[in-house]
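If you scroll down you'll find the structure; I have some questions about it.
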Amino acid sequence: MHEHECTCHPGFIHDTLIPQVGVITDIRQETPDVKTFRIEPPQGGKFFEHMPGQCAMICVPGVSEAMFSITSSPTNKEYQEFSIKKCGVLTDCLHSLEVGDQVTVRGPYGNHFPVETELKKQNLLFIAGGIALAPLRSVINYVLDNRQNYGHVDILYGARSADDLVQLKEIQEVWMKTADVNVYLTIDRPQEGWDGNVGFVPTYLKELAFDTNRTAILCGPPIMIKFCLQALQEMGFSKQQVYTTLELRMKCGVGKCGRCNIGSKYVCKDGPVFRCDQIDELPAEY
Amino acid sequence: MKKIAISNLPKLYAAIAKAQSLILPVKTAGKTNFSLWTEACDVDLQTLKTVKSAKDAFFPQSETLYHCHRDGKNITITPEDLQSESFVVFGIKGCDVRGIAVLDKVFLAEPVDSFYAARRCHGTIVSLACGAPEESCFCKVFGIDCAEPEGDVVTWLTEDYLYWKPVTEKGEKLTALVADLLEDSDDAAVTAQKEAIGKIVEKLPYAALSLEGWNGEALNEKFNSPLWETLYKPCLACGTCTFVCPTCQCYDIKDYNTGNGVQRYRCWDSCMYSDFTMMAHGNNRTSQLQRFRQRFMHKLVYFPANNDGMYSCVGCGRCVDKCPSHLNIVKVIKAFGKEGK
Amino acid sequence: MSVNQEFRPKIVAFCCNWCSYAGADLAGSSRLSYPADVKIIRVPCSCRVNPMFILRAFEKGADGVILCGCHPGDCHYSTGNYYARRRMTLLFSMLDFMGVENGRTRVEWVSAAEGVKFSTVMNDFVEKIRSLGENVRLGDLRCKK
Amino acid sequence: MQEVKNRALALLKDGTVKRVLGWRIGENTYDPEPAFFESEEDMQTFVYNNFCAANLSKYMIEASKLEGKTLVCLKPCDSYSFNQLLSEHRVDREKTYIIGVGCKGKLSIENVKRAGVKGILSVNDTDPLQVETLYGNTEVSYKAAMLDRCHVCKGKEHVVYDELIGESEDTSTADRFAQVQMIEAMSPAEKFAFFQKELSKCIRCNACRNVCPACSCRKCVFDSDKFDSAQKANVDSFEEKMFHIIRAFHVAGRCTDCGECSRVCPQGIPLHLFNRKFIKDINTLYGEYQAGADAEARGPLTSFTADDAEPSVVAEGGTK
Amino acid sequence: MQRIGVFVCHCGSNIAATVDVKKVAEMARLEPGVVFADDYQYMCSEAGQAKIGAAIKEYNLTGLVVCSCSPRMHEATFRKCAERYGLNPYMVEIANIREHCSWIHKDMEEATQKAVILARAAIAKVNLNAPLQAGESRVTKRALVIGGGIAGIQTALDIADAGYEVDIVEKTPSIGGRMSQLDKTFPTLDCSACILTPKMVDAAGHEKIKIYTYSEVEKVSGFVGDFTVDIRKKARSVDEAKCTGCGVCQEKCPSKKTPSEFNRGLNNRSAIYTPFAQAIPNVPVIDREACIKFKTGKCGVCEKVCQAGAINYAQEDEIITEKYGAIVVATGFDTIKLDKYDEYAYSQSKDVITSLELERIMNAAGPTKGHLERLSDGKAPKEIVFVQCVGSRCSDERGKPYCSKICCMYTAKHAMLIRDKYPDVNVTVFYIDVRTPGKNFDEFYRRAVEEYGVNYIKGQVGKVAPQPDGSLLVQGSDLIDNKQIKIKADMVVLATAIEPNQGVRNIATMLTASIDTNNFLTEAHPKLRPVESPTAGVFLSGVCQGPKDIPETVSQAGAAAVKVIGLLAKDKLTTNPCTAQADELLCNGCSNCAKVCPYGAITYETRQVNDHGIREDRRIAVVNKALCQGCGACTVTCPSGAMDLQGFSNRQLIAEVDAICR
């Protein structure tokens, strides 16, 4: 351990603003612009324990730093993974890295899906679009690994095309084969070799006509969230039954720097997971 | 109660500085700010308000968090050492002392900011009562007694003496350190000064400012008020109010490439700046109206909502004095007050 | 004047592609030596050099910055060096105004044919910077650790 | 000046203008704030007194994006800034109705305080200023309370206006370049110490930049990653130098010397010195030039002559 | 982040002798972004390039740094190499470790350290490089030749013979230039007019050649392949289509007191005139400043006598706008003014003349009808002194530092011709050196001395003093015998230095062609590209590039024509992609960038932008990629950094600065 210890506050040995060094130990190309990175401390293992829905700050020193959801489940005891879409300076840089390259990681930040409280014993409906499967994958695997604690699980996942579906291998080989789990995949436009559903997620959601005896966990681009929420409400869901995450526009991660402050909440500390009725109480700045 | 003759103050400073670093109001190029005491510096206890508040002492405008070195593929992180030496901040006014209490709510809340915490536990606050409050002061509104501020040691300055009263254990320790220079005293002069100050405070133009209606519950009503549309207009989007404010604590985290590695530091930021919330993937507040509103909503609504009604304003009046467009929190509070009537 | 022989200054030379860079090439092929302290950055024209580049060089630890371009009137882009001349005149004057030794910055016009001049200028400039010593007034201390 | 208010109101009522950019009455005489007025009722809080010092021309950038004409009150010196903005296409003359308001020097409450007055309860704006304070009543002469920039007044002529109201007076009493010359005469070490001391106070609040009518960039280089130069704080003493030199350089040849930067600096840094140094150099080396005097003129840094002075000559104190 | 390969060249021992190339490669490998680094004997060789190609494939490289010789030497080579192996050519940066390092430093350690830093700078830059696409531009298959002297005529003929349209713009009323003023030419002594006139006629009659005489280039815009040129055709006041060239108007013109330009002011011409008999076109011009009709409104003689009705006093200047793919500058020369050489008494005595004036005197069509006589009194001179290097090879500001090259030979010619025709005349030549490199040149000079008895004295003339008797006392020094010499001469001929024609600076500015301190146009490379200017599409012909004699001029004219033909033969050109570009979110639309753009490449348009959620109409700078040449003047004028230069971006240059200073 470093000598970063306050003499009169012996507890403060680890400021969460100080990152750990992370080594990339595996890279999977999920889609043309999404890669999943396995990042471990140099000595191996996990950086910290986390709960589904929590995030971490990944930084390429000298380039930039940003918040990403931890896509691996806490039940994975060996390592942590991040699915990252190429969409800016930092992510471009991350995508150019190789196994063995180092980055820095700090976290875990934010709250998590209430997997041990509100969601327990519930039937669960996961709705995700595109890269937004990343935060949900953590919850889904957590739920599947603690299968006895939860009711029926439905997963509705859509992307622009079949090539943009993230974690397809795991979906097909694990999720689809787990008992009492239904996976519904959809893509925006018809495509050769695709015999699944074609259509936008909100439309497919309505078609599937789930009953309201379940809690929905919704994650995706803002426009998809908006229409899915409408669809859910039309289907009879109340906002209390729907959880979602807000965009990760954060800097410090500890609810102090002020950037992600919306009303009296700090998204990085009090979020990113919110129940939809809680979001309604926030001023419209998200 | 102790006292020390004004003429002996340099000796007092020297004695403290011998043991610890001493931060106090120093005049440089015509303006007074908290600064490290040196033999040659021009200590200025007469100026009521330093331009910047004393928050620098605990939450400096910029501070290094860690250094990051790269050797081939290997990265090494070397965190900056935490404050481990004691220091004294001398001459803080009541409003600024309360400002530190506001910062405590932020930085000492979980997860604790160890850089701040280390400074807090190594710093001794010697506050100074306000001898002559000015027109922009309204600390009374926030329940602050500028005649008897909080702190580890409280002092009063009269024409001849500095009166010295240790309040906390830290204060006692400091008092012991300079005991040779202090003499015992009665309270008479201090009592008289407090009374005089009290009278002045009553006459201050903003003494009767009402905070009625400003609390956590008022969130959406205040947020959606059309008044902001007019109020924000003159705002230049500069950070003057933020940077002179004793309670503003927004910060940015930045990297500096030194050529030998990357130095990560954090520095004050202003929610009034147009790029404050501008991020790679979006912007929470795109207009100056939103940013302007954020600052006041945060101080008067959001912060109290999270901190048992404590406002993130201490009435120091620096923003009142310094805003290039003569905008300030008082005008905002009053504007809503008028609307209420 | 005491000259510290040990002191090896960092010197950045911005050279325009058409004249001065070619002049430096000619100095090279003519084996006209000048101290290795000088490092050349190629720019299309002297007018491409932003004052921020010059300050940046000082920030990051340069002890001297020299800008070389085509002789006035000979600019490949016809007018670039005229603008550069005004900009640098004002910038250097401001640095002088703020107490930065004015020998640390220089503008020289070196044509493609003036290999000798290039070498002479560089030798002279390095000598000047050596006599001025390390740049302490305009650097960022973080870069000096 | 009731006349300004009346005229503005009349133009607002008859529809010539859609809004008025002027001042709203403050808590006291000395703190009126720049404001837009769109209705007759709104205009009741309009005020124009000698503390209305701010240069409103920069607000016209945003106002030019609005529908309809905006009436703006400009002092003679402000009109230069407006003209400069006009030459850079940042304001729309068609959408502007300029009342050139006469000016006999504007007041600064900071200067009243600098004269040693504390605890101001009320003050008027006539000569001498009658000040009522918490600690007794006093007087301050108009000259002493006048903004520093008014002592080097640009004169009483408006360079652009639609109509004029009120008399102006040239209030200059000092040589504009005296301070610059004083510094030029210092040794390098003294110059360095002077600026080091002044700039060490800078808190990077950006008030100077944000108030400056020449600093009208949509996004400042110090806020963008274009030069990898984004800064927020003066972490090292170099950064404030970088910021102020580059800021002055960016406005060189465009700065009208309106003095707003020095007026708003919370730390009282004489920022105008940087601009005036450039203006002085430009005048000496390239001929007298007043930015904003002519909206059609080509600025000194976007023009040249074949026989301009060489930097090496200027470094030795020469001019040719 | 890039995947960069670094290639360090030994250049045989040119680099490797003073730079530890292995060390450079090893250090480079540690830099961010570098995934491969190697060194090799000759990187530019085929094997070297293959090595680069292999590495691109194997390591999936996205950027290359070649540490080698100057980019001016091999940047193009390595760019092509990159392209061949599938990489964008602009992803290559060169670290110049030869000219800027190994060749100038002796100490191995020092040179290696510098090479490492130069490599770092290039790596830092390439990390920020972006693939650039060279655009295409069309080629207008027509050439413009500025200047209608022998250089221009020859260039035009060669281009036209290849089948391309050519226009000649000549500012005087006739083509022909200086050569038409000469009497005989050295070393063959054939008649200048006899060899020139047929070429003039050829040009005038060529179906592909259009000649604009009495015309000047007024404005040039555009770029290689696509220049737009405004030509001012000055009002001749004579209708070219109607004029028959009978010459009656000139005979009858009452105003005959204007010094003849063609005869160097030695005699006068009429107000309506053709410069010389063989002028092409054979159409006179009215000199409006001399013409009585224009000055007083009364006269009109020429109009009355012109049978063809060609006189048109109302004619106005005409602006002709034409497009060209290439421009050849052939503006020629003039002799320098002698006002700073009082010691030669040129302005005091009519009998002190320049060599060019002597050409006119010797010419049968000249002011003296070819008789050698003193202009002061018409007497035949008996003693003539030639003074060499008047204003040439001059170390002070009065003259020119260069050798005018032709004087030694024409002086020998003059001396020989005089001695041949007037054997009784004594001829003395004062010279500094006699320079006779050239085919049959030295033989020619020796004949002058040996056969014709011309008295050559190595030495300088200090003073020419006009004497009361009309003679000229020449005081000089003989450097060989080391004695002072005084000669009482009847005529003194000054071999006056030549300089580029007056208007060339203006033309160079219009063409953005660079010009040297002596006003000679600069060639793109002094050895390898001697007839091209550094500005693409602009070529040089004749003395405008440097002093030369007729055969050299003709050869250069041909060479320039070949370059033009090579250019016009292409249908499309690739453009330089290193151009400026405005970031629409940062642009203020302030117009300052356009003010400093030498090419008029920047215009403004109002367009809607989405600035992080704020949608508004903004005035935005737009760079015409085809016009922009990439100087970067605009980038510094732009305070917000909106304007940036591709290939030399702010961030790239700053990265280089950082890398060097670190």
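Read from first to last, the chains carry the letters A, B, C, D and E; within each, the first residue is number 1.
Note that a residue touches a chain if its C-beta (ideal position, glycine included) is under 8 Å from a C-beta of that chain, and two chains touch if they have at least 3 such contacts.
Just so we're clear, the structure is a prediction, and the values are computed from it rather than from any experiment.
K.L.:
Using the touch definition from the top, list the chains contacting both chain A and chain B.
P.N.:
Intersection of chain A and chain B contact lists gives E.
K.L.:
Across the interfaces C-D and B-C, which one involves more C-beta pairs in contact?
P.N.:
C-D
K.L.:
Determine the chain that sits nearest the middle of the structure, using the mean of its CA atoms as its centre.
P.N.:
C
K.L.:
Based on mean C-alpha positions, I'd like to know which chain lies farthest from chain C.
P.N.:
The chain lying farthest from chain C is A.
K.L.:
State, to the nearest whole Å, the distance from the C-alpha centre of chain C to the C-alpha centre of chain E.
P.N.:
Whole-Å distance between the two chain centres: 30.
K.L.:
Measuring centre to centre with CA averages, how many angstrom lie between chain D and chain E?
P.N.:
That pair's centroid distance is 50 Å.
K.L.:
Between chain B and chain E, what distance separates the C-alpha centroids? Give it in angstrom.
P.N.:
Roughly 70 Å separates the two chain centres.
K.L.:
List, in ascending order, every residue of chain E touching at least 2 other chains.
P.N.:
Chain E, residues with two or more chain partners: 32, 596, 637, 650, 654, 658, 661-662.
K.L.:
Considering chain D alone, which of its residues make contact with at least two other chains?
P.N.:
Those would be 219, 221, 227, 235, 301-302.
K.L.:
For chain A, which residues are shared contacts with two or more other chains?
P.N.:
62
K.L.:
If we use the touch criterion from the header, which chain pairs count as touching?
P.N.:
Chain pairs that touch: A-B, A-E, B-C, B-D, B-E, C-D, C-E, D-E.
K.L.:
Name, in rising order, each residue of chain E that touches chain B in their complex.
P.N.:
Of all residues in chain E, those touching chain B are 30, 32, 612-614, 658, 661-662.
K.L.:
In the complex of these two chains, what residues of chain B are touching chain D?
P.N.:
28-31, 33, 48, 51-52, 61-62, 132-135, 200, 203-205, 230, 233-234, 236-240, 242-244, 252, 254, 256, 265, 267-270, 273-275, 322, 324-327, 330-331, 334
K.L.:
Write out the stretch or stretches of chain A touching chain E in their complex.
P.N.:
Interface residues on the chain A side: 60, 62-63, 92-93, 96-97.
K.L.:
For a test of understanding, state which residues of chain D touch chain B in their complex under the given definition.
P.N.:
26-28, 31-36, 54, 118-121, 133-135, 197-198, 200-201, 203-207, 209-211, 219, 223, 230, 232-235, 260, 263-264, 266-269
K.L.:
Please name which positions on chain C make contact with chain D in the complex.
P.N.:
50-52, 55-56, 58-59, 72-73, 79, 82-83, 85-102, 105-107, 137-142
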